[in-house]
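Here chain A shows up in two complexes: once beside chain B, once beside chain C.
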Partner chain A sequence: MALNRRSFLKAAGLTTLAGLGGHAAMELLAPGALDAAQPAKIGAFPEALIGKRWAMVIDSTKFTSMRLSQKCIDACHTAHNVPNIPGKQEVKWLWTDSFQRVFPDQRNEFLPVDIKHQPFLVLCNHCDNPPCVRVCPTGATFRREDGIVMMDMHRCIGCRYCMVGCPYGARSFNFRDPRPFIANINHRYTTRMMGVVEKCTFCEDRLARGLMPVCVEASEGALIFGDLGNQDSKVRKILRERFSLRRYPSLGTEPHVFYLI
Partner chain B sequence: MYDGNKIIPGLIIFVGLVTFPFWSNIGRAAYERPELKLDAVETECVEPAEWMRAEHMRLLDDWRDLVVRDNMRLYVNQAGRSFDMSLTNTCLSSGCHANKAEFCDRCHATLAVSPSCWDCHVVPPTPIVEE
Partner chain C sequence: MLEKALQGNKAYWGWIATLLAFIGVGFGCYMYQLNQGLAITGLSRDVSWGLYIGQLTYMVGIAASAVMLVLPYYLHNYKAFGKLVIFGEFLAVSAVVVCLLFVIVDLGQPQRLLNVILHPTPSSVLFWDMVVLNGYLFLNIIIGWSVLHAVKKGVPPANWLKFLIYLSIPWAVSIHTVTAFLYAGLPGRYFWLDSLLAASFLASAFAAGPSLLLLILFVVRRVANLEIPKEAIQTMAKIITYAWTINVFMVGLKIFTIYYSQHPGKMLGFDYLYFGYEDYTQMVPWMWNFVFLALVALALLIHPGTRNNQTTLTIALVMVFVAGWIDKGLALVIGGFVPNPFKVYTEYWPTIPEVFITIGVYAIGLLILTILYKVALSVQEEST
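And now, the complex of A and B:
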């Protein structure tokens, strides 16, 4: 029997209808039976901090010496099992650099001496337009709804495109097994392995448990963290009142770490 | 039969090769169910043991994606109990499978499965005491 185009289309239409109708009938007779394989309920912890747009404010007037910066760095690196590897294979989530290198577009020969020599804390800027996310071929790094630029270590293939993409140098590659370089492993967090890229996550694991980022807790009030989506938040208030700088604003990445000068 | 002196030895070699898996196993120890040790305080896993045996790898993969990609960390099972979706902090906690070597590893070793999770996820040398 020759099946012409017309009768083929009719038959195809009918089977589609039967399929859709069958699904609808199943839903009526036995609701939920078709996708029954989801017995458990899943959600966030009730104490989780939820934000529309997380951001950090660094009060650089309080970081005049290395003492406080080092305290924040140590708190961060011990909590997240960041290895202490000297030299070019260094891994860092939070570190310091000079004014001229943090804000090269503020080039000024006549800076006050104390600003010239002051260490500035630097970390991932959790950009609105993160170049690292655009170049990641596996989707291992992605931007969450609340602005946090996340790393999914499980999908990282170690290609390091993100490190080339990031204008802030916020990402580190694990050239070797990091475990021998971690003095005391924090068992509540994971380490990483050779061949993946890591960086600051704004402590999303702590926010999910209702805690502030570790560096903020260690900072004696010099780091302020909060939700820019909330008019009355501490970060919004402080940015309304005081002048702040962001790193390389002309690149259009919209960084969300603000420096009070 | 033409060329019988070649065909018959050839056939014998062929049959020998095809039945290799059967005769090479003669005399070897039969598969034994690994002795798993459960010295857990908890008497129940997040889901029934029977289901966990077959599906734990899928459950863990789901947990991983939910936590990292969807920012959800709370798992409430059918009995209404809540769990932190965490490999080290829940599965390997002191109340459950702190004896990973005698539980997870023993079964995995018998079945030649080697999950790479422990390159990053920490196996506490001493059980974590719940806070």
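And now, the complex of A and C:
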């Protein structure tokens, strides 16, 4: 017998109810079972590092010369296939600049000489209130719940509004095809195409595999990375004990890279 | 009605051919840009927007200024603008098309353009700019075309059109306001971080737009059969005078706030533009030309003798249009980027292919304008 109208509606209604109420039923029968299986965690490696609020502390007292900075930069740029393009259309994820440019709020001509001439590492600040995310017209750049400001290079239309929005100059645009400018391609990481914006990702792919960011590993302990959401984390401990600066805090972006001075 | 654009004399076709030639060159350069990337432009990591986005900004103002004809005619029943309103609306159509094309040529991945619609992001002003610009384009196409159709048939325009016409008035204001919001809401970009920005955008647009329209109409009067009532010219000149006065006043307001407060972030952009910084002085001559043109135009417009004289008025209109272009098409974008938020000076100047692409886009706008004006003129001629 063919399904008549009445029984079809009954079946459809029941199915819908099950769909809507399924979650509630599961909660009743096996509390927490669904939460434990949230999509973000399903695909993660068991060894994945999971944080509430990732942050980086840069111990600038250990970066007195260019040697260590350059080591971190090279490690980062090699691992992430960052092209080496000379000139004003360059691409960079991690680089150095002078105190006055890194902290434009702290203008002071009577700085100690060593601080004045010291290179400070700079990277994306993974802001809590990121202007780049606010202005992106496609959601190609977005903020994860753990604080990492991410890029979807496949969605980016290359309007460069995020570069206009970022007050830290943390973003680079691929004005040309970057691939010919990569000396040794790391085949375990993607390369980018022409016409999209890129920047530091706090090595989210490494965190997912239980590894620290590549610059932190290369830093001989001068870069500290961890979870601000955890009271006992190394970053929380060190920020409790030592004085730190952030870049341009007056702009209200809430940057999450801290500099020990 | 469109077939009327296919009938014209030699000069008409010569003009069309010239525009097509420029479009061809611009298209060729755009193919080069598509192939090589925006590396062929003068843009950089520090100056990520340039000539294209400057033109977008200026042309949004030109498009919005149609409201300076629509509002007196439809809200105040000001009859002298009767025959001219359609030309304002069609100028708006061409200007908005030019704006949208400038967005497209500026994109690094233009084939992903529809991501703006597929992944709508209301927090982004660029998303809203897309919404209001497209809305304004359709409003003006529908209004202009329907009104013209009614003229052709010798009947009054349909009643439902009134609603769209009234809607187009605040909509015109919205397109330039939203375009100003692209700039005015960015922390750290002090040159733009100014609640006055949208208001001064509108003031300069309501001067530069009608100036351009009048200049175009003067040309049309020469090459075609168009009568512009003297009263209409004088009223438009007065509108331009008021708008330009307000614009110059607002420039003064900004200068006071910036220099009296001595706010370093606010001063850097202005200092760079008007006085240069060390060797970075390429904008200085442009800015003092802007000051000169703005003030002389103001004097010519305010004095009734020069305002009512065809020759001096024409000079003033050209000055307003050029000054407006320097201010918004060039200085606005460059001044916002140089120096960058941590005081690094990276200058920008457009490259030759960038300029040809820009000219090509403008040529497309002029082609659309020519066709629409040809249709409107033919219809108006037949109906009288």
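Simple rule for what comes next: the second predicted complex is superposed on the first by the 219 of 261 C-alpha atoms of A that agree within 3 Å, B and C clash if a C-alpha of one lies under 4 Å from a C-alpha of the other, contacts with A are read in each partner's own complex, and residues count from 1 in each chain.
Quick note on the criterion: a contact is a pair of C-beta atoms (placed from the backbone, for glycine too) under 8 Å apart; a residue touches a chain by one contact, two chains touch by 3 or more.
Since we're looking at a predicted model, the values are computed, not measured.
Peer 1: Determine, for the superposed arrangement built on chain A, whether chain B and chain C clash or fit.
Peer 2: When both complexes are placed onto chain A, chain B and chain C end up side by side without any clash.
Peer 1: Tell me the contact category for A:104 with respect to chain B and chain C: first, second, both or neither.
Peer 2: Second partner only.
Peer 1: Between chain B (first) and chain C (second), which, if any, makes contact with A:89: first, second, both or neither?
Peer 2: Second partner only.
Peer 1: Could you tell me if A:134 is touching chain B, chain C, both of them or neither one (first, second, both, neither)?
Peer 2: It touches chain C, and chain B stays clear.
Peer 1: On the A-aligned overlay, A:229 touches which partner chain: chain B = first, chain C = second, or both, or neither?
Peer 2: neither
Peer 1: On the superposed three-chain arrangement, identify whether chain B or chain C touches more chain A residues.
Peer 2: Per-residue touch count on chain A favours C.
Peer 1: Just checking: does A:187 make contact with chain B only, chain C only, both, or neither of them? Give me first, second, both or neither.
Peer 2: After superposition on chain A, A:187 lies in contact with chain B alone.
Peer 1: Measuring by CA atoms in the overlay, how small does the chain B-chain C distance get, in Å?
Peer 2: Once the two complexes are overlaid, chain B and chain C approach no closer than 12 Å between C-alpha atoms.
Peer 1: Between chain B and chain C, which residues of chain A are contacted by each of them?
Peer 2: Correct list for chain A: 193.
Peer 1: Chain B touches which residues of chain A in the complex?
Peer 2: 39-45, 48, 81, 142, 144, 150, 152-154, 185-193, 204, 208-209
Peer 1: Give the list of chain A residues in touch with chain C in this complex.
Peer 2: Where chain A meets chain C, its residues are 87-90, 97, 100-102, 104, 107, 131, 133-140, 155-161, 163-165, 167-169, 172-177, 193-197, 248, 251-253.
Peer 1: Which of the residues in chain B come into contact with chain A in the complex?
Peer 2: 47, 64, 66, 68-69, 71-78, 84, 88-89, 119-122, 124, 128
Peer 1: Residues of chain C touching chain A in their complex?
Peer 2: Residue positions touching the partner: 36-39, 41, 43-46, 48-49, 103, 106-110, 112-113, 115-116, 118-119, 121, 123-127, 130, 182, 186-189, 264, 336-337, 340-344, 346.
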